[in-house]
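Please find one structure pasted underneath; my questions will follow.
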Amino acid sequence: MTPNQARELLEAVRAGTAPVAEAFKAFAAAPVEHLPFATIDTHRTLRKGFPEVIFGAGKTPEQTVAIAKRILARDGQLLVTRVTPAHAARLKRSFRKAVHHEDARCVTVEQPPLPKRPGIIAVLAAGTSDLPVAEEAAVTAEVMGNHVLRIHDVGVSGIHRLFARLPEIQAANVLIVVAGMEGALPSVVGGLVRRPLIAVPTSVGYGANFGGLAALLTSLNSCASGLTVVNIDNGFGAAYAASQINALAAGE
Amino acid sequence: MTPNQARELLEAVRAGTAPVAEAFKAFAAAPVEHLPFATIDTHRTLRKGFPEVIFGAGKTPEQTVAIAKRILARDGQLLVTRVTPAHAARLKRSFRKAVHHEDARCVTVEQPPLPKRPGIIAVLAAGTSDLPVAEEAAVTAEVMGNHVLRIHDVGVSGIHRLFARLPEIQAANVLIVVAGMEGALPSVVGGLVRRPLIAVPTSVGYGANFGGLAALLTSLNSCASGLTVVNIDNGFGAAYAASQINALAAGE
Amino acid sequence: MTPNQARELLEAVRAGTAPVAEAFKAFAAAPVEHLPFATIDTHRTLRKGFPEVIFGAGKTPEQTVAIAKRILARDGQLLVTRVTPAHAARLKRSFRKAVHHEDARCVTVEQPPLPKRPGIIAVLAAGTSDLPVAEEAAVTAEVMGNHVLRIHDVGVSGIHRLFARLPEIQAANVLIVVAGMEGALPSVVGGLVRRPLIAVPTSVGYGANFGGLAALLTSLNSCASGLTVVNIDNGFGAAYAASQINALAAGE
Amino acid sequence: MTPNQARELLEAVRAGTAPVAEAFKAFAAAPVEHLPFATIDTHRTLRKGFPEVIFGAGKTPEQTVAIAKRILARDGQLLVTRVTPAHAARLKRSFRKAVHHEDARCVTVEQPPLPKRPGIIAVLAAGTSDLPVAEEAAVTAEVMGNHVLRIHDVGVSGIHRLFARLPEIQAANVLIVVAGMEGALPSVVGGLVRRPLIAVPTSVGYGANFGGLAALLTSLNSCASGLTVVNIDNGFGAAYAASQINALAAGE
Amino acid sequence: MTPNQARELLEAVRAGTAPVAEAFKAFAAAPVEHLPFATIDTHRTLRKGFPEVIFGAGKTPEQTVAIAKRILARDGQLLVTRVTPAHAARLKRSFRKAVHHEDARCVTVEQPPLPKRPGIIAVLAAGTSDLPVAEEAAVTAEVMGNHVLRIHDVGVSGIHRLFARLPEIQAANVLIVVAGMEGALPSVVGGLVRRPLIAVPTSVGYGANFGGLAALLTSLNSCASGLTVVNIDNGFGAAYAASQINALAAGE
Amino acid sequence: MTPNQARELLEAVRAGTAPVAEAFKAFAAAPVEHLPFATIDTHRTLRKGFPEVIFGAGKTPEQTVAIAKRILARDGQLLVTRVTPAHAARLKRSFRKAVHHEDARCVTVEQPPLPKRPGIIAVLAAGTSDLPVAEEAAVTAEVMGNHVLRIHDVGVSGIHRLFARLPEIQAANVLIVVAGMEGALPSVVGGLVRRPLIAVPTSVGYGANFGGLAALLTSLNSCASGLTVVNIDNGFGAAYAASQINALAAGE
Amino acid sequence: MTPNQARELLEAVRAGTAPVAEAFKAFAAAPVEHLPFATIDTHRTLRKGFPEVIFGAGKTPEQTVAIAKRILARDGQLLVTRVTPAHAARLKRSFRKAVHHEDARCVTVEQPPLPKRPGIIAVLAAGTSDLPVAEEAAVTAEVMGNHVLRIHDVGVSGIHRLFARLPEIQAANVLIVVAGMEGALPSVVGGLVRRPLIAVPTSVGYGANFGGLAALLTSLNSCASGLTVVNIDNGFGAAYAASQINALAAGE
Amino acid sequence: MTPNQARELLEAVRAGTAPVAEAFKAFAAAPVEHLPFATIDTHRTLRKGFPEVIFGAGKTPEQTVAIAKRILARDGQLLVTRVTPAHAARLKRSFRKAVHHEDARCVTVEQPPLPKRPGIIAVLAAGTSDLPVAEEAAVTAEVMGNHVLRIHDVGVSGIHRLFARLPEIQAANVLIVVAGMEGALPSVVGGLVRRPLIAVPTSVGYGANFGGLAALLTSLNSCASGLTVVNIDNGFGAAYAASQINALAAGE
């Protein structure tokens, strides 16, 4: 219930055109209706700027399709992350416009795609093994209405590769820097840019990597100011935050 | 050296007005000078948008003053974080305009203060013990040219306190949410806003808190999309990132 | 042996009606018989209020059936947790009344079901992936003689869903709150109710979730008073404790 | 706003005795007022059954007194935990009825004490070094209106000491079992009682104790059904939960 | 070379019956020969009291047989631990007297068995799932020449089962106590016996068990004096130590 | 109550020489009296072979003296570990025969000393910083009636120092090997002896030593068969176990 | 671009033989070209002394072959580590000279092999299960142009085996010591040699080994001076460092 | 005993000029004398190339002086690390030539200094707070006979500072790279040099730094080939290894 709706209802009560019992019922639902969101179905887009995203891992293809249908009934965009080939096949059977982004382990439906806002989100990946996470970030950012610049294989062990791309990197509005192993890339990039940078540690590595803990700690302890961090392998979350920032920059 | 400067120098060489030796020296300095930054003194502001910040912990008051002098010789703003009373006293003796923010454990010198850009950075703190970290964030954001809204003591154990402030919270451009103990506040706020949210776990707690690890893991695993995280107790870092975002929103 | 039995036996010895050797044997068994329980077969129900529960994981279907038979020979209720489909099939072959609760990964036999005591145990689950653990809790609480209210998908990232169910939640005698990822739900609910709340962290998540450690630490450090915690994924244990509490409330 | 208040207000609008603008304002405040609690001052007791408790650690004596005054202005009971002698002295200066429980590191003010409800909360401590935590639990339970039975020094290395007290232990409504070192006592007691048992691991120990982690893991992994756990050294939290359970048992 | 052998050789040199070159060669080998062991083949039994034991995990059946042959060429006893069915089948094909202890995941060859020394090693297991580790201990102790008493399923959640066996337990020379989950059994038994007790934590459990870490920490922090600990699941190591102790007790 | 005492009492009841009431009282005490120990005061020596030992850390000097008096009222031996100089001074004031072992941080009273049993317990220390723990072990072993051989500063970084003492080491009945830093000494010694070896990791070290965790893991994972481990810095526990073993070897 | 090239280019500009536009382009590339390396293809060998090495894990056989082709187009040596049999088969199909080192899980192509520099790299392995890591080190060192001495199965539990090889060990220029379980071997060897020693902890072990953490901490805390460490199972990295040292020793 | 000495002794036995008893005694001492080291006093320099170094932490000034005297009685060099001002004052009182390196927390005595070998050891420090560890490394390397190049404050957050020093860095024989916080510097430098690089993580940082664990994991997981690592804050160990490498390069 918006403020205007509330005011109109009260006027109707006074005018006698709305019975007290009915008005009471509307207000009694208040704890939810008075908040700026109401139910998952109708309000997620209003509240967060994008419909609910389906995390595919741990859901059956059927469950995924069922939820997807409810989302697409109201919204033009769908993003399903962490899909298996089985998820993808099942989704493509149900939705003609479904696209399977294999590297990113994502499926998207865009009917139509959101218009792209100005400003670029750059997605940097330190090594080839970090690509699935980087692609999850890139696909997420794109489906949410952003231009994405992909810069791959610029790890610090051959730092000149990074410098060769510096002008493009410095021109982006937001940076997502994906790195496994020791995860030093976000710190190095963070010292070279003035724009918000989101580090995504990955679980790429072995031994004392401890499933991405090494790269996570590296980012959290970075001496580069302005760097923020998301969970290990969470390309989606980084892109979501980057898109929020880019939307703000676009004056939305 | 900018592209234009390089081109002009080469023309001058060809015209004979610039000696080869001098041109050679200019280009020989290239590995550093060709990058968009040159030395710490003259270029940090250009590169990152704010002069170097002094981390007071582990430095003597004298060292702190010495570095501060070099920074203030070129820039109008100074921020020293994690100061003891001894640092503060020593800095106030040297700099007439130095202000000691006791709760924030910071000293600032602003001659003059940066003009404030539009857009608000909201700093939320879950409990009273989280205030030093929240204040470090607030003071940092202010000295970097932002309007700050402080919202304290809105932890999830009495969640109505949070809802009472919801319209203000939703109106901010960026949110910094500071929480120790179990650190649940960022997740709850993250579900209610569409703007970028930076979580700052604090070391407030005991027992299985493990010095802030509990709150850190809570934020990293948040199911609220778009949330990013900084190191435990790192109010400064969160504000630095928030200011970068707010500057972007202001079209800087 | 009760005090009265002991006194009577001694009188019988004195009267000569009970031979010394027999009395000696009765007292020699004392270390066990003098405690208020004697052997696993006959006394678990007396001591704990419910027969032994079989933890299926790591047992073969045959072992499970063998133990189940011994339990059902004396008690009307059987609960087997963490069963595979193979366990379930095997148990259903042996026990006509066996019911396989697939979501809960449990098999129950109730001949007849325990009468339900007054008072409701509410089982809340933060996300869809937490359902198996929540169902293990719900099925356990039911077979132990409790009314159960299931409230699913009320995670904090869309907190209005929780508020919509608040009156029901506040009416329950005991609350079991199941949450993976960052596990913030128990803290939020704990701030809203005056009844005992048992948090069940789950292993749902990835990366810095560390197999449920994140949610576990969140609950242990909760700033909501009165919250207690069980092991990661231990829906059974939470329901067992909740049933003990509800039985106490029912004056049993 | 209660349902009745809402209905009356709507009737007044219809009757024209309440202006629309005023009614609108009342409903607009709804997100907070419609919830069953309103502000920290007036509603905590209603919502949770006991006024706010002050966690002394990290607060100055003056801050503690200031908060205490606000609580005692409305409520007859005050509990301050984790106090230093300085806190205690300061509180006794301000509140004539303040009592300093030195072992428990608590200060209480009871004007008058709450009437004691029937049913006993037993507080068991494994070793002498666990006493401060056990006393924090005992004092908390008493000030919240419960009879407390203290059973000290019944660690498992001399298990006959425990058995000597078994009848008393089995007669309690709720058990709080406090243990550091390896923390085995809760598991042993948990196998002997049918009532809810709350384990409190303590940080007593050295070496591979890791500040109480050993005892915490012991309790979380207990094979005794029905055992729940609170944070390391959290005697207060255990007693709070125990009091909630005992209140439920008393039909409150 | 024993002292006597050395002395005789020197006498022979002096007598001229042993050439200097040959004596030189014998002493040149000294760094190894002068130690009370010489090569792995001939001296392990002398040095440690039992031939080398083969850890099957990570070795192919063929490698295992090859090593086994070299050991059996010199010694009458063979113990292979952590075998798969494939190892067992292969070993039985090569060694007619090979026995596969399935529960213990061991293969033994005894030609002939060592005579049993007096004194009993008691092997206690807390739960059914701890049996493989307990059996590894029992089989190891037996093949090394000890009488073994197996006492199973005496976990602390039903502590009367333990007391029923107390006289036997107290009569043993050495105790091996195997326990997973919270691992409380060694502490309880350790308070009841005066003989050496070796705790074997197992990886049985889930969630915050962390692969046996919980039970390991429990044993290391035990308040029962005289308890020592081996690695998680290391039934073999516990039995080896127990056998060394029992041999000492037998005056070997 | 021994079996014989029980039988005699029953005969006396039958003969009428013992009244039923008195016999009933004796048996009613059964849960404790029927076990082979009765109260902490009179039975600890019988059950474990040595009176209770006082852990000084966390106790005031006065508490320590009070407990010590109760122990010495019944037993001739007293051991207090982890004492500060204040504890020692206070104990020496109360007990004329108290000896303060400064290196070992122990106080002993022996009136008279226990006779020394045959067989030697060797205590090896890897480095000078490990001496306090080694001395705690040595003093404990001595007061419990054992001959002790101290071998210091034989760490593996100069392994010839160890070999120079090998004959003495191999002649001992039990070995206690104390080592901090990387804790490799127990593994090396364990490969050279056939007698039981107890490893004591110490907290000596820095950085990735993590308070003794490094040395602890080294010992737990040792490839030397027969090695058992106690808690970090637990010299007392190692000596207690060693004394139990040596007593067994002496036929006690 | 070398200094000489730069100077010549400027002279050519002045002489009019080089157009400004072309010179501008050359200098504009400066951020990369002015560094002593240019692109991954042409400069890795110059910068690090060996072409890029392919880490096979996580790459498909096809990706591996594609990268290998680009490397072999310019360099005579190829090293692919962590290969599966599928990688090896695919590489052998493409490169006639490919050799599959099965134990080492490596494929090499040497056309022709590098000449071997003087000085020996000794690779010691503590146990048989450590061989794959040791062989990875040995093969890496060989393909990089070093003589390698393999010394296997010299773990500290039978330390005489180590001493038998001491003269060879002490004659090596660099030592790589590979050890899992408790990882004590590097410390022992480190005390016996004056040459650089690189410890390689392996993940061989179980229980409290925690995937190699135990051996890693052992090496990091070694009391043997001069020992450095690489990641768990990182035989390649150790050999790479050893080869750099050996090349330095050879005056390269 | 050298081979020649052994042969001569045997000849003397045969000739009758050496009695058998005496020869026996000489050979019986063999296990130690046959190794290339004999006692700590006379042989450490021979075996490791530098006399024993005193780790000051945990030793009293008096103990330190006592050990120092024994070392200086035989060797010209003394190094004491981790000294307090009290250690330094005491050492300067005893040794006229003692120098206190305050930043490095070291005392050295050089009478005379070792001649410096060719080849430079470069010591890089990422930040000002890392200086004590870097200086410990520098002083250690110097006293062991090396030229040292100190390069401070070249952390990755302003990477141009590093590039400005690149030629010097690439000219060094060995690199010691000291870095706390996220510890990314060793990885970046490791990609730019072909010489051996030893990373020294420091404990500088806070929060999720966990006492240096973050920087340690960063180095261990570095994607830069050839990097080896020492313990957190272990500047001494890094310099010791670097000096061994540099000595090898100098043909010693």
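Lettered A, B, C, D, E, F, G and H in written order, each chain numbered from 1.
By definition in this document, a residue touches a chain if its C-beta (ideal position, glycine included) is under 8 Å from a C-beta of that chain, and two chains touch if they have at least 3 such contacts.
All values reported here derive from a predicted model rather than from experimental measurement.
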Point to revise | Touching chain E and also chain G, the following chains | key: F, H
Review point. If you check the contacts of chain C and chain G, which chains show up for both?
Key: A, B, E, F
**Study point:** Required steps from chain B to chain D (each step between touching chains, minimum)
**Key:** 1
Review point. Which of the two pairs, A-D or F-G, is linked by more C-beta contacts?
Key: F-G
Check your understanding: Among the chains, which one keeps its Cα centre farthest from the Cα centre of chain D?
Key -> G
Review point. In whole angstrom, how far does the Cα centroid of chain C sit from the Cα centroid of chain H?
Key: 60
Practice item. Could you put a whole-Å number on the gap between the CA centroids of chain E and chain F? Key: 24
Study note, to complete from the structure: Cα centre of chain D to Cα centre of chain E, whole Å, reads 50
**Study point:** Where chain B and chain F are represented by their mean Cα positions, the distance between them in whole Å
**Key:** 56
**Study point:** Residues of chain H whose C-beta touches two or more other chains
**Key:** 31, 35, 37, 158, 163, 166, 191-192, 207-209, 213, 216, 220-221, 225, 231-232
Study note, to complete from the structure: Which chains touch? The pairs are A-B, A-C, A-D, A-G, A-H, B-C, B-D, B-G, B-H, C-D, C-E, C-F, D-E, D-F, E-F, E-G, E-H, F-G, F-H, G-H
Point to revise | Residues of chain H touching chain E in the complex | key: 3, 6-7, 10-11, 13-14, 16, 20, 23-24, 27-28, 30-31, 34-35
Point to revise | Complex interface listing, chain H residues touching chain G | key: 35-37, 47-49, 53, 163, 166, 170, 173-174, 191-196, 198, 216, 220-221, 225-232, 236-238, 240-241, 243-245, 248-249, 251
Check your understanding: In their shared complex, at which residues does chain A touch chain H?
Key -> 126-127, 155-159, 181-184, 187-188, 190-192, 205, 207-210, 213-215, 217-225
Practice item. Over in the complex, which chain F residues touch chain H? Could you list them? Key: 128-129, 158, 160-161, 163-164, 166, 204, 206-209
Exercise for review: Under the touch definition given earlier, write down the residues of chain B that touch chain H in their complex.
Suggested key: 31-32, 35, 37-40, 44, 57-59, 63, 201, 203, 211-213, 216, 231-234
